[in-house]
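Take a look at the structures below.
Presented sequentially are two complexes of subunit A, the first with subunit B as partner and the second with subunit C.
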Partner chain A sequence: MTDFAIHTAPFSVLVANHSNKLTAALAELYPAELITRPNPQLIYDFCLQVQRKWAGWGRPFHVSSGDQHFRMTDSAQLVPVFEWGVNWCVASYQHQFLAIHAAVLERDGKALIMPAPPGSGKSTLCAVLMQEGWRLLSDEMCLVDLVSGAIVPYVRPVSLKNQSLTLLQSWYPQAQIRQITAGTTKGTVGYMLPSKHSWAGMQQTATAAWVIFPQYNAAQQQLTLSKVSQADAFMHLANNSFNYAVLAEQGFISLSRLTEQIDAYRLEYACIEQALSELNKLC
Partner chain B sequence: MDVTLSYAAWLSQQATDDNTLTALFDDASSVLFSKQDHETHLVGTATEAKEPDVD
Partner chain C sequence: MLSSQLLAFFASPAEFVQQATPQQWTTFLQQARQQGLTARFYYVLQTKQLLDQVPLQVKLHGESGARYAQKQQHSLYAELQQLESLFAVADYPCLLLKGAAYRTQALAVSFGRLFSDIDILVPAAQLRHVRDRLFFYGFREAQMTDYDRDYYLNWSHQNPPLQHYQRGTVIDLHHHIYPTASARTIDITPLFTYAVNVPGSAFKVPASAHLFIHAAVHLFYQEETHKLTKDVIDLNDLLLEVQHQKQLDFMLEQAARMSVQSAVINACWILSKLFKNGAAQAALHSFALPRHQPLVCNLLLTMLQGQPARAWFARQLWFVRGHSLKMRWQVLVYHSLAKPASGMQRWLRRWLPGHKS
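Moving on, here comes the complex of A and B:
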């Protein structure tokens, strides 16, 4: 057993772990001070178990939380399955926040929120903006404080997939992309380390200012940026929220308040430089 | 006027008012939330909010 705790604000996670490989891999992705030995005096936000159920070739590791099964996996895919497992726990249990499936970045205290389904280019755009100096709050999870309405950072490595890995490595050779794993259910997955600036601001909230719904489209002749009504933006944000329905009235009030603060746009692009330029003009 | 029916209508109207939250935004668009069935609608359409797949 190599149990550990990982403290990526706002959550502290206890990991009951049977894999030395996972421990070593996470040490490449997270700052050393965020991974500690478990402290029996602490109450953790949730616990993730990574347990070896049997010896053999076929997916011997069981990833679960409490008695809730998440995935079986082999040793080679432990890192992505662990990262997805953490996302799953946050989406399933952490209802002190309104959680929206979106990348979030910050500049001058203002948050840019990019909700989008897989394949829209959200993480690629997020990684590019971070490399260009924006502070990363999250590439996956926009957490809205239900009391203050602030956007709460949840800084973790940026998950990149397939072609986006190659593109980002060529655009930013200095970027640190680690733990590249082929053959997952999402194809090849790798993790770009957050900038020092992003890790340093991991407890610094931001105010929602813009919502961009990005859509990468290789056939797009010219970039289009179109205004979205606030009510439409509300509905899209609700549709991209993991727990809007769970929070019910509280979710509606929280999302209404957020929507009142933002300007919303739909961005369709083929060229990342054009998208970046347009966002820099807008934000 | 049937006083009992009138009261029933008033009560029904109150229940409707109390069971609906409205958010009216600066651009004059708005959304409604029904506290009774927990559904959210754009005003004037039948679009309903659904949660995304969790992964």
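Moving on, here comes the complex of A and C:
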């Protein structure tokens, strides 16, 4: 039993862990100072249990939060299931921030938000931008402070899937991609480590400036970047939010404010260099 | 999972806030989430003006829970408005039960309480009629095996749960508060007789005394334990409400009339023990009542406060006890054999060659 805690601002997670493999794997993904032994002097936001329910080495691990079962997995897929489990806790229980399913990066204090459904190339584009010097705030969840409207970072390893793993590695041979796991429900999954200045700025908020709705399309002849109206941007952001409906009036006010301060575009691309150059011109 | 921190908080919020260590707060947050009580603790802190004395993290999680509960309450009102036109033309009483009833009466127990469904009680003779009308309103019965459906219709006190095809709302349509397969006969006529109108609505709700009786019956005459801590905390608030509305004598008199005295007395004993509930102590001391059932009460306390292994064992006993109460022995024997047999039959149909499902 190797219990530990992960201190990724703004949420900390206490993990009751029965897998040595998980401890070793997370040590590769997170900076050493963010994974500690449980400290009884701290309050932890979420608790996860990773344990075999019935004794025996061949039994699957159960990832759960108290009585709330998340998923069962064999040892080989424990890392992605654990990472999704942390996302599940945050998406299910926190309504302190407006949470939008989106990648967020920052340059010169201004945040670029990329909301998109799975398969749109959001994480690939996010990883590329981080490699090009943007500061990563999150590849999964854009957290909007309900009072100040600031974009709050939730820095975690960037989850890459299938083809994008090989592409990223070929484009950026120095990129550190760890814990590649084949055969998950999302295919092959691996994690790109956030850049040093992304970890260093994990508590530094940014101001929303651009919203890009990316769509990778291999058949696209020419990149298209089209302006999206504020009303459409609002609706798309609301649809991509985990808790817009829960926050009711506060959600509406918060999203209205965000929409008023950004320029929104739809980006359809086949070639990553073109997409990158277009974004560099725009932002 | 035992919820000792939660019980300690609800028994004495001010004391808990003063003494809780960070480690206890971590456990407390986890237990509150598990029992769906995050918003409830937030409203307790707010009512008792203790919000400034708790750590910021606890306050933020409480606020998160309160936002979610608020959203659920809006959804409840929206759903009840959809149902108004259906029940407005009914010439029989339609009562809201449990969470929906607490909320429409704005009882203290309803602040921050979460809902999983809307419970409605109609006279048994009208059950089929109401169900058929709900079908026209877009509700349908969830997929279940023939055996389970027969179980609901013949032995339980409700129709199989009805879910709206678009909104996803679930209605539990009851014709009684206790399974008809039980050897115990509970007369629910007083629930209809003393029901209170909801202003501006076709719905009624049972008197507070009956709301408490229903909750006590649910806890003590059945086997469910997955939200045990929440159930006793609900009972605690409900009994204080009964006292506040000066219905304590009426409640005890009704418990005797409905033949559910043991549930009510056991509930009072537990509330007195866990929360030092003044109303429970008054009820236990002021009236010539039968004594509480020590075995049953201690079993419940063990589930709530005992060591994990003892609590687990108590839950198994409670499970058997609950079934033996809610089903006559002939039904219980039949059910214990027929339910696994029906599962086995389905399994064989699926796997044996030549059979098509």
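Simple rule for what comes next: the second predicted complex is superposed on the first by the 278 of 283 C-alpha atoms of A that agree within 3 Å, B and C clash if a C-alpha of one lies under 4 Å from a C-alpha of the other, contacts with A are read in each partner's own complex, and residues count from 1 in each chain.
To be clear about the criterion, a residue touches a chain if its C-beta (ideal position, glycine included) is under 8 Å from a C-beta of that chain, and two chains touch if they have at least 3 such contacts.
Worth saying up front: this structure is predicted, and the values here are computed from it rather than measured.
On the superposed subunit A, the positions of subunit B and subunit C stay apart, so the two partners fit side by side.
When the two structures are aligned on the shared chain, A:88 is found in touch with subunit B, with no touch to subunit C.
By the touch criterion defined above, A:245 reaches both subunit B and subunit C.
One geometric descriptor of the composite model is the angle centred on subunit A: between the Cα centres of subunit B and subunit C it reads 60 degrees, in steps of 10.
Of the two partner chains, subunit C is the only one that A:47 touches; subunit B does not reach it.
By the touch criterion defined above, A:223 reaches neither subunit B nor subunit C.
Once the two complexes are laid over each other on the shared chain, residue contacts for A:283 go to neither subunit B nor subunit C.
Comparing subunit C and subunit B on the residues of subunit A they touch gives the larger count to B. When the two complexes are overlaid on their common chain A, residue A:65 makes contact with subunit C while staying clear of subunit B.
For the pair subunit B and subunit C, the model built by superposing on chain A gives 6 Å as the shortest CA-CA distance.
On subunit A, the patch touched by subunit B and the patch touched by subunit C overlap at residues 245, 248.
Touching subunit C in their complex are the following residues of subunit A: 14, 40-47, 65-68, 93-96, 245-248, 250. Against subunit A, in their complex, subunit B makes its touches with residues 21, 23, 25-27, 29-31, 33, 35, 38, 40, 42-43, 47, 49-52, 54-55.
Taken together, the subunit C residues at the contact with subunit A in this complex read 1, 21-23, 25-26, 29-31, 33-34, 38, 55, 57-58, 60-61, 63-65, 67-68, 70-71, 74, 226. The residues of subunit A lying in touch with subunit B in their complex are 84, 87-88, 91-92, 101, 117, 229-232, 234-235, 238-245, 248-249, 252-253, 256, 259-260.
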